[in-house]
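We just call them A, B, C, D, E, F, G, H, I, J, K and L in the order they show up, numbering each chain from 1.
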Amino acid sequence: MAKILVIHGPNLNLLGKREPQVYGNVSLEEIDRQIQQWASAHAWQVEIHQCNHEGRIVDLIGAAIGGVDGILINPAAYTHTSVAIRDALSAAAIPAVEVHVSNIHSREPFRQHSLTAAACRGQICGFGADSYRLGMEALLRLLAGGAGT
Amino acid sequence: MAKILVIHGPNLNLLGKREPQVYGNVSLEEIDRQIQQWASAHAWQVEIHQCNHEGRIVDLIGAAIGGVDGILINPAAYTHTSVAIRDALSAAAIPAVEVHVSNIHSREPFRQHSLTAAACRGQICGFGADSYRLGMEALLRLLAGGAGT
Amino acid sequence: MAKILVIHGPNLNLLGKREPQVYGNVSLEEIDRQIQQWASAHAWQVEIHQCNHEGRIVDLIGAAIGGVDGILINPAAYTHTSVAIRDALSAAAIPAVEVHVSNIHSREPFRQHSLTAAACRGQICGFGADSYRLGMEALLRLLAGGAGT
Amino acid sequence: MAKILVIHGPNLNLLGKREPQVYGNVSLEEIDRQIQQWASAHAWQVEIHQCNHEGRIVDLIGAAIGGVDGILINPAAYTHTSVAIRDALSAAAIPAVEVHVSNIHSREPFRQHSLTAAACRGQICGFGADSYRLGMEALLRLLAGGAGT
Amino acid sequence: MAKILVIHGPNLNLLGKREPQVYGNVSLEEIDRQIQQWASAHAWQVEIHQCNHEGRIVDLIGAAIGGVDGILINPAAYTHTSVAIRDALSAAAIPAVEVHVSNIHSREPFRQHSLTAAACRGQICGFGADSYRLGMEALLRLLAGGAGT
Amino acid sequence: MAKILVIHGPNLNLLGKREPQVYGNVSLEEIDRQIQQWASAHAWQVEIHQCNHEGRIVDLIGAAIGGVDGILINPAAYTHTSVAIRDALSAAAIPAVEVHVSNIHSREPFRQHSLTAAACRGQICGFGADSYRLGMEALLRLLAGGAGT
Amino acid sequence: MAKILVIHGPNLNLLGKREPQVYGNVSLEEIDRQIQQWASAHAWQVEIHQCNHEGRIVDLIGAAIGGVDGILINPAAYTHTSVAIRDALSAAAIPAVEVHVSNIHSREPFRQHSLTAAACRGQICGFGADSYRLGMEALLRLLAGGAGT
Amino acid sequence: MAKILVIHGPNLNLLGKREPQVYGNVSLEEIDRQIQQWASAHAWQVEIHQCNHEGRIVDLIGAAIGGVDGILINPAAYTHTSVAIRDALSAAAIPAVEVHVSNIHSREPFRQHSLTAAACRGQICGFGADSYRLGMEALLRLLAGGAGT
Amino acid sequence: MAKILVIHGPNLNLLGKREPQVYGNVSLEEIDRQIQQWASAHAWQVEIHQCNHEGRIVDLIGAAIGGVDGILINPAAYTHTSVAIRDALSAAAIPAVEVHVSNIHSREPFRQHSLTAAACRGQICGFGADSYRLGMEALLRLLAGGAGT
Amino acid sequence: MAKILVIHGPNLNLLGKREPQVYGNVSLEEIDRQIQQWASAHAWQVEIHQCNHEGRIVDLIGAAIGGVDGILINPAAYTHTSVAIRDALSAAAIPAVEVHVSNIHSREPFRQHSLTAAACRGQICGFGADSYRLGMEALLRLLAGGAGT
Amino acid sequence: MAKILVIHGPNLNLLGKREPQVYGNVSLEEIDRQIQQWASAHAWQVEIHQCNHEGRIVDLIGAAIGGVDGILINPAAYTHTSVAIRDALSAAAIPAVEVHVSNIHSREPFRQHSLTAAACRGQICGFGADSYRLGMEALLRLLAGGAGT
Amino acid sequence: MAKILVIHGPNLNLLGKREPQVYGNVSLEEIDRQIQQWASAHAWQVEIHQCNHEGRIVDLIGAAIGGVDGILINPAAYTHTSVAIRDALSAAAIPAVEVHVSNIHSREPFRQHSLTAAACRGQICGFGADSYRLGMEALLRLLAGGAGT
């Protein structure tokens, strides 16, 4: 039974409550409930964390080695500044998918580059809460050794 | 019955035949066959084009106004250089999803920035042929007025 | 009887129909009608093309050598990316005037520089459909060997 | 009866006398005479200043508020360096047209960007003394609530 | 009774003890004592934290939503590197004032730009411990709906 | 009895009348009246100038040497372009405080850097007319040899 | 019998007729005649195209896979802007030689970098029409498995 | 008896287990054992921490003031992004040596610059686990007031 | 009898009184006295101005046309920011020599580039008040049609 | 009888012995032998030098004036850093051809720009030892006043 | 018996005599004496050169191939400018260690990047004369096939 | 009796013979003769070298320590690329004057910055052979402890 680690980066605890014109109206609790449902439907085990601390995200990824089959991560603000999370993902070498709620390509210039995505298999952005659903599906296919790659 | 325009940019006709270490082994014909299947399954109509010409892609997007409900586009090399396609997507104002077979974030610096994604709703990259499947799904949800946003 | 080549670049076929807050409400058909009227009034012959293809614009300029006395061009998106159109204008050495419907200086940074204007005699931007009228007038004066220069 | 403020920036008093290969042979006096004629023909009132002082140009624009209907300005060297004139134009919010005698796009790189044009409605460059005539015409249409925009 | 959250960023616990030529001689304890006095004098409630952890600062700002009326923050080193704190301040949408003990404009180039100030109402820098006093006063006026803005 | 020189840079004469969404509703006359009141209350003498001319501001600062105890300056547009004012402030070596009505950190990139602040003791921005009050207070403390530094 | 695809990029149809001080006096027809002669002399088959369209060049390269042994290409203006042609050359993996009539290293800065040469075996520039002859010779040696590499 | 603080930055807990082609095969435990041995041999006391949290590293350095004679630090990913650790090292003013297992000069451009080394006495990189041994020796000499400096 | 225009730029009235470690101890009055002496000795006529206003310097240069044989100018702060003075010098086409009291090459990066020197014959910097003497001598030789050039 | 100076820049003495994957297997001795043969065949005189010293290359070029008809130069590493060799080539004004064994356009960014090629007639790169043969042929044609230019 | 080549770059002959605040008080003779002692102690043979000539350093490295087991190099000023020395080190493929007396990371920006270190195994900087001792030790371990890597 | 070291950098042996439109018609021999005359007239001893080798220039400056009172240097091409000569001048700490025959500020961008001038007392450029005369005079005054500084 595959185990998935889901990491929500800084400020995502405020999802759905703040700046809905940028991040939409769905709360993190609702997203987490859906993730649990999708996981159950596919007989996956999921472990979900929301962390405002870069170091804690590094801890979680490091601790996942050997016990986790895939990582779904929204590094939020750390996407653009964290070499440490990039290094953790590279070191862990667990298939990872980066997701973003907003379309980073239509925001401020400093949000248009991702330091962390280079250490993931792929990235999905701009679909609101659906970015998570699509990310879970992408991860499922990667873990199943999907014919697509 | 919703109509989807699918545009494959330059050199994608060679997909699956060339540089499989970068772009995978699945051919464009196979991807198109799958897109047709997914579309049928959802009772969508799809129109698929592979174009090496920037101007032809601009033509297609302009012509889609009024007759197409969503656009799935892999601008390939034009992702990084075409203001014209960006403008066409902005002008058309049809919900659009950008997909890439490879993970643009782990390639040469000039491939890490997308001029065109800013005029789309979102972007999906790095999942090989699955990027198209995920893109179709994302588009479906957008057209259904998905709760996710 | 002087002959003027008028070239409308990519997406200008959508003028007046899309993004009126940026490009105004006048349609390309209306602009072309006015150009024809102004030309008749001055006993000029005009040939008008709207092209989404960079290469087609290069074709038109190259073909104009020897048969055309002046060029009025709105290169639109290609203004910022096309060395090929710049080279065509330089090679043709026909007096050319660049026009833009919007004020490129108050838009995104990548729209504030023109690669093509350096190969024209001058540039006019920001006056909506009137940019064309002003451009025609400027060209008329240039061809008349206007005292202004 | 509409009132137009015409501002000639630094060194334009030397027009027609110096560097004719760049700026042409028409003197500023001749241009001013033509401006007066065009204005009379359209029943406009014009007030013309040539100023080498950035601060004086800011004074003039500020003083124009409430008493002037349109501004025709050739900021010359200050085009590329003056945030103060840009701010004056933004604050005044009087329709303004920027003109240049030479084609700034084919000169040194530091002359290819305009700080001030972003606070104008549009810009006209490269047509020698005719740039002023075209600018007057553009302003006339703007003030007439021209259909072009 | 208004509640103010005061956040001292990394290394500010060393204030007054280290590098007095840059940061002055007043200790953080003294500053906090003064803040408490000023607050009492204005019948405000203050909660003061010194945090070396970027994530902890994000936690504090997120937790302040709904319970805090104003934020006084010296992000110290994170001023120049933290998108996460900027995002927290934007999401919280609580009036915030950024203060710095030293004049960041006369230090190394990398200290002359603030990522976080854009998500605050204003910034005060260069007045030593007085920057805090001025920041408190600025916040007081903002919360009082000061006529100044 | 301490003497303070207050300098309002270009376009500040329009304060409160223009672009209130950026600069607020308080007029310069009102600000000057308040400055006079604060000064009287502290038994300071103030001399206030509003200048659109960079050179005039340099004149004023140079003339202040020996007769002025502190400078409160809002260089406005010259903040970002004037080496001359920076040099005047450095040469005068009179304690100076730079203030801005708007928050320069959340405006266009070219407004986010101050050339002149490096020659002041500190900078205050973003508090509307209150920026002046805070600046006066900061200056008062600096002149009193405030314990804060 | 080896087959060589020769591609002349945009505006090269004007060779020898325009800007001889930059591009020399030899016409494209003369160059093509010489290429045919050299090819006959070496018992090669050549197919020659002049294309102003970037997309058409991509078409030609893609179509050459399996039927062409070597490519001689002068991408002209597209040298500096076309990721699509670079990708086509990489995908085709046919030995290719890039040639330029002028010395790109002594022209404008934007002409000094080649995006396309990285996907060729080598580049030859600056020798006028002789660049083609040298390119043919270089290609001949490459195809012969020349000892030089 | 001198006391040395040893800090291993983010992801170094994975040393020897992950990406051995970059970081070598020696585990952190082995390195720590060696550090302890070297320290004993020189009658030093060592305190060793591995921290993934930037803030925790700042805490440790701040707490070391007054109780630690030298710092040996491998800031790992934070080398390139942390102004906070740089400031902590500057404030603490304890002789510090920066070490890196890999040669940062032959890796990605963003790894070739160190923000933190400027606040250390020197830097050693590229020697695998030996970088630590060399760093200890360098520190020993610095503390002994080595004749070398 | 040759006539020389000497222009001292902003803040040079403070020479010798302020920042002697940068600009030396000689006053402007002393320099002007020496200039007058050198001039008398060579039977030159000199006209000396110290101006803090960029526009006034432009005025002076423009007015010099026809009546002045050489210009000795220390543009001070305007060296680095004034396109207007550069244009005035180019338009006037009077032999000009730029001098600086300090060595601009060993100061802040923004002082190491001169916009104005390109419109002069040469530049002399770093010799304190002697820069003026050397500049006078250089100008003398230029006007004498010196064999050196 | 024409005389050709051949200059091999730094490290080319190691050609064929080191890094064959970059520079090929042919030794410099073999290349020099071939150059001598080609030269004899065309009744040219050649003088060949391999120099690791930039200054020595400048010496050789300077000494060639008046005695040498053409220069074939592979500046190797100095291609990217030597203004001195560029100046020597410009001063000598002897027709020169730059060659490179590897394709500089597909190597590190700092190798993709040539400072020296701007002072040559043309450049040839990427053909291994054949680059020299092609360069000799190009030079032969240049000296023969080839019709190609 | 291993042989080590030691290269001291430009100006290091002045070590200990000049700018001691930057480079310390130990003379090069003293360093060389120590290197000889360390070498004897480990039964190594050393050959030491101080060279101000970039080309001579290239010569030495090229000549070392086949006869030298390790290189200890302080390229001094050439660290930041020499592609030629970098290429020599890459071609020689002899284990090399780069050392610097001063901490290059706390000096001028142009000294913070090393072109040459990428072709070495590692770099040591900032420890005065001890940098050499540490470099020798690092090299010894590399040659012994140290377990650390 | 003061001793002056005069250093002419690369290619200056060609002065007066090559590119007179840039460097004038006076030969180096003539300049050297004049330098000798000026020196005799002031009872100075001069030693003059023309060197194409950067390392040789470093040698000369290092050897001058203790025996030379002033340096007059035209580093020519090395002005823009040599950290080694800059370091030699800094280490020698002998008063030095940099001269250039041409006006570097009106040439290519890469010639507008001097790396070496920062280690000299001042720089003189643009006066042809007279730059040397002026440089000698400047040096004379510096050595005489001229009142100007």
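Following the convention adopted for this analysis, a contact is a pair of C-beta atoms (placed from the backbone, for glycine too) under 8 Å apart; a residue touches a chain by one contact, two chains touch by 3 or more.
If you're wondering where the values come from, they're calculated on a predicted model, not measured in any experiment.
Looking at the contacts, which chains touch chain D and chain G alike?
C
Using the touch definition from the top, how many steps at minimum link chain I to chain J?
Minimum step count, chain I to chain J: 2.
Between B-C and G-J, which chain pair is linked by the larger number of C-beta contacts?
G-J
Please report how many Å separate the Cα centroid of chain A from that of chain D, as a whole number.
54
Using mean C-alpha positions as chain centres, tell me how far chain H is from chain K in Å, no decimals.
22
On a C-alpha centroid basis, what's the spacing between chain D and chain F, in Å?
31
Centroid of chain A to centroid of chain C, CA atoms only: how many Å?
Chain centroid spacing, chain A to chain C, equals 48 Å.
If I count partner chains per residue in chain I, which residues reach a count of at least 2?
53-56, 81
Which chains touch, pair by pair?
The set of touching chain pairs is A-B, A-E, A-H, B-C, B-G, C-D, C-G, D-F, D-I, E-F, E-H, F-I, G-J, H-K, I-L, J-K, J-L, K-L.
Any idea which chain D residues touch chain I in the complex?
Residues 9-11, 13-14, 17-19, 51-56, 76-78, 80-81, 110-111 of chain D touch chain I in their complex.
Residue numbers of chain I touching chain D in their complex, please.
Within the complex, chain I contacts chain D at residues 53-56, 58-59, 62, 65, 81-84, 86-88, 90-93, 115.
Which of the residues in chain C come into contact with chain D in the complex?
Residue list for chain C touching chain D: 24-26, 103, 105-106, 112-114, 117-131, 133-134, 137-138, 141-142, 146-149.
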